[in-house]
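Before anything else, here is the set of structures, which you'll find just below.
Across the two complexes that follow, chain A remains constant while its partner is chain B and subsequently chain C.
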Partner chain A sequence: MTTLQDDILPAATAVPSGSALLRIAAVLAGFAIVFGVVPAIATDYWLSSIIIPTIVMGLAGISLNLLQGYAGLVSLGSAAFMSVGVFSAYNLILRVPGLPLPAVLLLAGLIAAAAGIFFGLPALRIKGFYLGASTLGAQFFFQWLFTNYPWFSNGSQSLTISAPRLEIFGYDLQSPAGRYLLVATVTVLLIGLAFLVVKSRLGREWMAIRDMETAASVLGIRVARRKLQAYAISSFFLGITGVLWGFAYLGTADAYTYNLDKSFQVLFIVLIGGTATIFGNFLGAAFIVLTPILLDHLVLAANVAYLSDQGAITNLQRVLFGVIIIFILIKEPDGLSAWIRRGVEALQVRFTR
Partner chain B sequence: MAYFLETLIAGLFAGLMYGLVAIGFVLIYKASGVFNFAQGAMVFLAALVFVTLVERGINFWVAFAATSALMILTAIVIEALVLRPLRNRDPLTLFMATLGLSFVIDGGAQFFLGTDVHMLDLGIDDIAQDYGGLFISSFDIVASLIVIAIVTVLAIVFSKTRMGVSLRAVADDTLAAQSIGIRLPVIWRIVWSVAGIVALIAGLLWGARQGVQYSLSLITLKALPVLIIGGFSSIPGAIAGGLIVGASEALADIYLGPLVNGSVSTWFAYILAVAFLLVRPAGLFGDRDIERV
Partner chain C sequence: MSIFSKSIALAAGAVMAAASLTMPVQAQDGAGQQLYPLFTYRTGPYAPSFIPFGAGNIDYLRYVNEVEGGVNGVKILIQECETAYTIERGIECYERYKDGYDGALTAAIYPHSSGLDVALTDKARIDKIPIVSPGGGQNIATDGRVFPYQFPLIFDYWSEAQIIVDYIAQQAGGYDKLKGVKIATLYHDSGYGRDTIEPLGILAKKYGFEDIQIPVPHPGEQQQAQWQQIRRAGADWVFLRGWGVMTPVAIKTAARVGFPADRIIGDIWSGSEDDARPAGAAAKGYLAVSVFPPGTDYGILKTLKENILDKGKSDLKDNSKFGTVYYNYGVIEAITFVEALRTGQKKFGNKPLNNEEGQWALENLDIDQKRVAELGAEGLISPLKTSIDNHKGETIAAKIIQWNGETWDTRTDWIKADSTLFADVIKAKAAAYAAEKGITPRQDASN
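Presenting the complex of A and B:
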């Protein structure tokens, strides 16, 4: 079912060895940067406060993009499935002693996938924006569940869970570099999985459903099954993303860490990065992570007397953030990934001449 | 039994006020196909401007007129800067744009007018009085009369006036409406203005109830299940949906809440909305799309 198929884009098959080599070179260069250059040159501050959250949010964007960009299904509750992931992971570590971290991540993803299937069930009958109701229901339901039943946070008074000691087979991953390597490794594996999925028969059937559901079902695509698989796979990704966000970035988590704002942020990443792309999500994520930091510096640098009040600064940032979002939505309909595509095309032209 | 009835009635009244917020959404959805997440922010903006003017000693009706004018100005600016450049884009992009708009509106309102909580007194008592054994607040009665009046006025405007007919033409088939000379930007400006004034009235009623503060803009999240149940494009649907959500949410909180150790009002309406959709996928009064291949 999920056999790896050739790229169906005619442009890619028409240009032979040059672009294939370029692609392999790009992947190798990517590996070298991710596992060699970045850990070597990045400071702890950059790793902990900028690079790790950008990668994790980019992964969240990929998760939602699988559902929304490829399968055309709406979700306004991405953060809910992230919270299912982190609370599952916490309880697995707490209640199943000796379970290694990779198994914890995998199981947490699977539990989130189950939640995704459940809240995706209405998609079998409901279409379009109305699906927002179901996913928003998930958003508010899990937030309520994790705050009303202290069992999930092991009876903690503040309903907060704290990250366990992160280690894989005896290797300590507590340092910023260790957490970075964990996040980067998981992300690379999941990107690989995402590529396999979208290039497979499953991915192409998703796109057929997205583009015209009625036609897809006439062609014999099992629409219901494919939709549930989209919710399952997207939520699997989101669950693991949630664990990384809580354990590898924040070091702690509660139900409000994964609130509606976080869900909307993931949605922004998809739209700003570009729908139906994988790498565009990291541009979107960088935008979401960096914009508030930049605005902070900008407001401080402007040093307006009126802005001594922190509340006013926060509100000014809200306004600027809103303006930037509207601006990008208007100016770059295909998202920031259109930049990458143009860049790659320019490179291809240069190298295949 | 009296307790059940009182809960039910209080829920129905709250539902009418949800319905009022939902009407603002319906107007905009009908005319521009935009699911306007910023409607809650507009409610908050209108209430905050109004209460600030009244606190400066400005007469109620002058403040009302000034705030209405501001809402109309806001509508014109939104049409020019956001809607026109984004026309013909997909609904999710438009939704995200209105989400960005909500940041701009409620951030801007609080940046200029401050983050304090304001009390708003409309001069209507909010004390429960005995009506044949049932205690009902006269505020609720006045509020529901206002809601009924607005719905009646809107219904007459949309069915009898030229503007209303143009609006329905746009809602029915945007391209056809444009080709017979209906000017879309004008319709958008009018509809967003009307939605802004409905937001002002909703803001006054909600603000009088719970104070004028940021949480007013979160009313959006209450209006969403109302719309889903009623159908995105129907004003009677918004009211019916509001009544259903208000009543069932109030009852669920009282009777279901204790069983699951906590208030269920944050998510109950959504689960209810999904249950409704499973039976009627386009909502109670929504338009059913016909699909062609």
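Presenting the complex of A and C:
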């Protein structure tokens, strides 16, 4: 069954077919893996340095994908909104004692959303490449703001904020497993929200604007409003992602943690994972996080470190990384998710016959 | 092969490769050895400073392994891990090596980055892994009661501020002559650069000099306005707290506005050959604070040259970097590691130390003048003695060096910092940190 048919058939009248059952089974299996299998078998090393960053970067990819993949708007300032999130959360915890963590996350997301609306305003007038330049403004503005006003980092000597104790209703989340569960829970909730948004009228109108703005406005879609909503929702997601990155992964954050490089990484995740997909972002994130580590381990395992100087090997790894990216983008411009989608479709065909 | 089966093959390959990451190492070749996880940044914008620095580290450890037969017979296993000076990769390296490798134990981790040092604070406390940052650690971590696992060994920027004021007072003819002297601090506008604002304020109040603070935004390729401001203010001295490209630009711009180079004193990260040389003739006479004095005349450097460099075993590709500031910094850092191992072995026996034994050793380091002489490091390192109360070391000192156009000359002997001067402020900051984090400071001084 193609996605097109999916969209045409009204959900209410659809009889649960093999494909739908497969889907439900997949979701249940996903839950079992995320909350049962992974915490049970993963070591601290895997949780702290591979799984948590992959999930959080995947979430950052989703955030940008909502804006770029679905609404067709550009942003080079993803990391800026992440930093708004983390600095907001830090100050909320510091200055509003007793605020529970879920509320902190929600409020930090809302503050980032407000920032997103503000920096999304130019989108009402300009498009494409030029819009990219204006979102770059957010990137530089927030970096400047957080380095020049030590109030945001509570007067810290090094302008660095240190993650507060993470706990939910008295339950301590400091351990790698605890931080993982926090990240996984927030991510599952946000994925759910992303699906709701994308499948709703809002999501469809975004896609209409993306595909042909003039036609969309002729159809009576309020383009300006929808665009600002896209910035707001994307930034809301990014704000929460930023909090997770700083508090649950790094344990620290400063303005430079969320620099332009990070914004580009998020952009690459969207490109590699595939635009206009949700799960593809995790493939992209896994690729970005894992490939350098994997290459490093291969060098270690192959014991070739003594053949050449370490610096050359590390640079070679970067070259390889770049080559793999180029290869994927040429062979599969729709990203890794297109491979997986075709795989799932092939499975569906096999099982539903 | 259809695209689908291709993707399955690809996925299977990825899973197999990933599985190889988790497989326990069977060989255990490292058993009986001491792990030294060497966090490298051979790539990225700061690679030029790391390359000689890492070589100094590796060369000294190779010397200890191959010529001295290890530390009391315990060989050191060097494992490199590339961070590219990013915190993300650094955390992965930390997680990879915190529990040892291949049977070799981890006694301490040197993160080689101030940012990573901060990022590891909480993790290290939970994992009980000592984090050692010679010259680049967090000043408040001097208080080992609140920070049992952080060791900002050897130096900090507050002591540096005090040492340059001390040097300027020497030149002026005494502290009482400082009244009315104008000292401008030109700083990299970052957490690192701002770190001397507070101590200079305290010192200015104490001695009556005029304290002028001027920021330079990162990376600092434009400084015309700042140097005009320095000229207008009529500054007598400039304390240059640069990093990377900012330093040579500052020296050149100073020459353009006619500010004499021998009235500019660079910070420890503005005092390498690579900071002065790009400024060309303008840098002649430029001064800098040095905790890692350059030069090849120290006993230990001669030993390294004979046993490592001349035998082609050095990690340096370019032997002209031998004896430079960063190379010597690497040697000094490796010495602190090896001496910590010796200290721990005296208590725990001649075997590899684990993390808790490493922590004890770093807290009880005592490299006194006699030991410095035995190491052949007279003039290269100033004596270092740590305690629970003082994780930095009690006798902090630095030299002033001067660029002669080709190399650095040493201008002064060790100028000691007064460790009591800022002790109360640091204690108070550490206490505030403990309160914010809900940490109960250790009380037991005997550990």
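Note that the second predicted complex is superposed on the first by the 316 of 353 C-alpha atoms of A that agree within 3 Å, B and C clash if a C-alpha of one lies under 4 Å from a C-alpha of the other, contacts with A are read in each partner's own complex, and residues count from 1 in each chain.
Following the convention adopted for this analysis, contacts are C-beta pairs under 8 Å (C-beta built on N, C-alpha and C of every residue); 3 or more make two chains touch, one makes a residue touch a chain.
Just so we're clear, the structure is a prediction, and the values are computed from it rather than from any experiment.
Visitor: After the overlay on chain A, what do you see for chain B versus chain C, clash or fit?
Guide: In the arrangement built by aligning on chain A, the partners chain C and chain B fit side by side.
Visitor: Taking the superposition as given, does A:315 touch the first partner, chain B, the second, chain C, both, or neither?
Guide: After superposing on A, A:315 lies in contact with both chain B and chain C.
Visitor: Just checking: does A:129 make contact with chain B only, chain C only, both, or neither of them? Give me first, second, both or neither.
Guide: first
Visitor: With the C-alpha centre of chain A at the apex, what angle separates the C-alpha centres of chain B and chain C, reported to the nearest 10°?
Guide: Result: 70 degrees at the vertex chain A.
Visitor: Touch test for A:215: chain B only (first), chain C only (second), both, or neither?
Guide: The answer is first: A:215 touches chain B but not chain C.
Visitor: For A:198, using the defined touch cut-off, is the partner it touches chain B, chain C, both, or neither? Pick first, second, both or neither.
Guide: Neither partner.
Visitor: When the two structures are overlaid on chain A, which partner does A:53 contact: first (chain B), second (chain C), both, or neither?
Guide: second
Visitor: For A:264, is the partner it touches chain B (first), chain C (second), both, or none of the two (neither)?
Guide: The answer is first: A:264 touches chain B but not chain C.
Visitor: In the superposed arrangement, does A:45 touch chain B (first), chain C (second), both or neither?
Guide: second
Visitor: Shortest C-alpha to C-alpha distance from chain B to chain C once the two structures are superposed, in angstrom?
Guide: 5
Visitor: Shared contact residues on chain A for chain B and chain C?
Guide: 147-148, 311, 315, 318
Visitor: Where on chain B is chain A touching in the complex?
Guide: The contact residues of chain B facing chain A are 35, 81-82, 85-86, 89, 91-93, 95-97, 99-104, 106-108, 110-111, 114-115, 221, 224-225, 228, 232, 260-262, 264, 266-267, 270-271, 273-274, 277-278, 281-283, 291, 293.
Visitor: For a test of understanding, state which residues of chain A touch chain B in their complex under the given definition.
Guide: 68, 74, 122, 125-130, 132-134, 136-137, 140-141, 143-144, 147-149, 212, 214-215, 218, 260, 264, 267-268, 271, 311-312, 315-319, 321-326, 329-330, 333
Visitor: Chain A touches which residues of chain C in the complex?
Guide: 2-4, 7-8, 10, 17-18, 20-22, 40, 42-43, 47, 51, 80-82, 84, 87-89, 91-92, 94-96, 114-115, 118-123, 126, 138-140, 189-192, 194-195, 198, 317, 429, 437-438
Visitor: Under the stated contact criterion, what part of chain A meets chain C in this complex?
Guide: Touch list, chain A to chain C: 43-46, 48-50, 53, 147-148, 156-160, 162-163, 165, 174-175, 249-252, 254, 256-257, 290, 292-294, 296-298, 301, 305, 309-311, 314-315, 318, 339-340, 342-343, 346.
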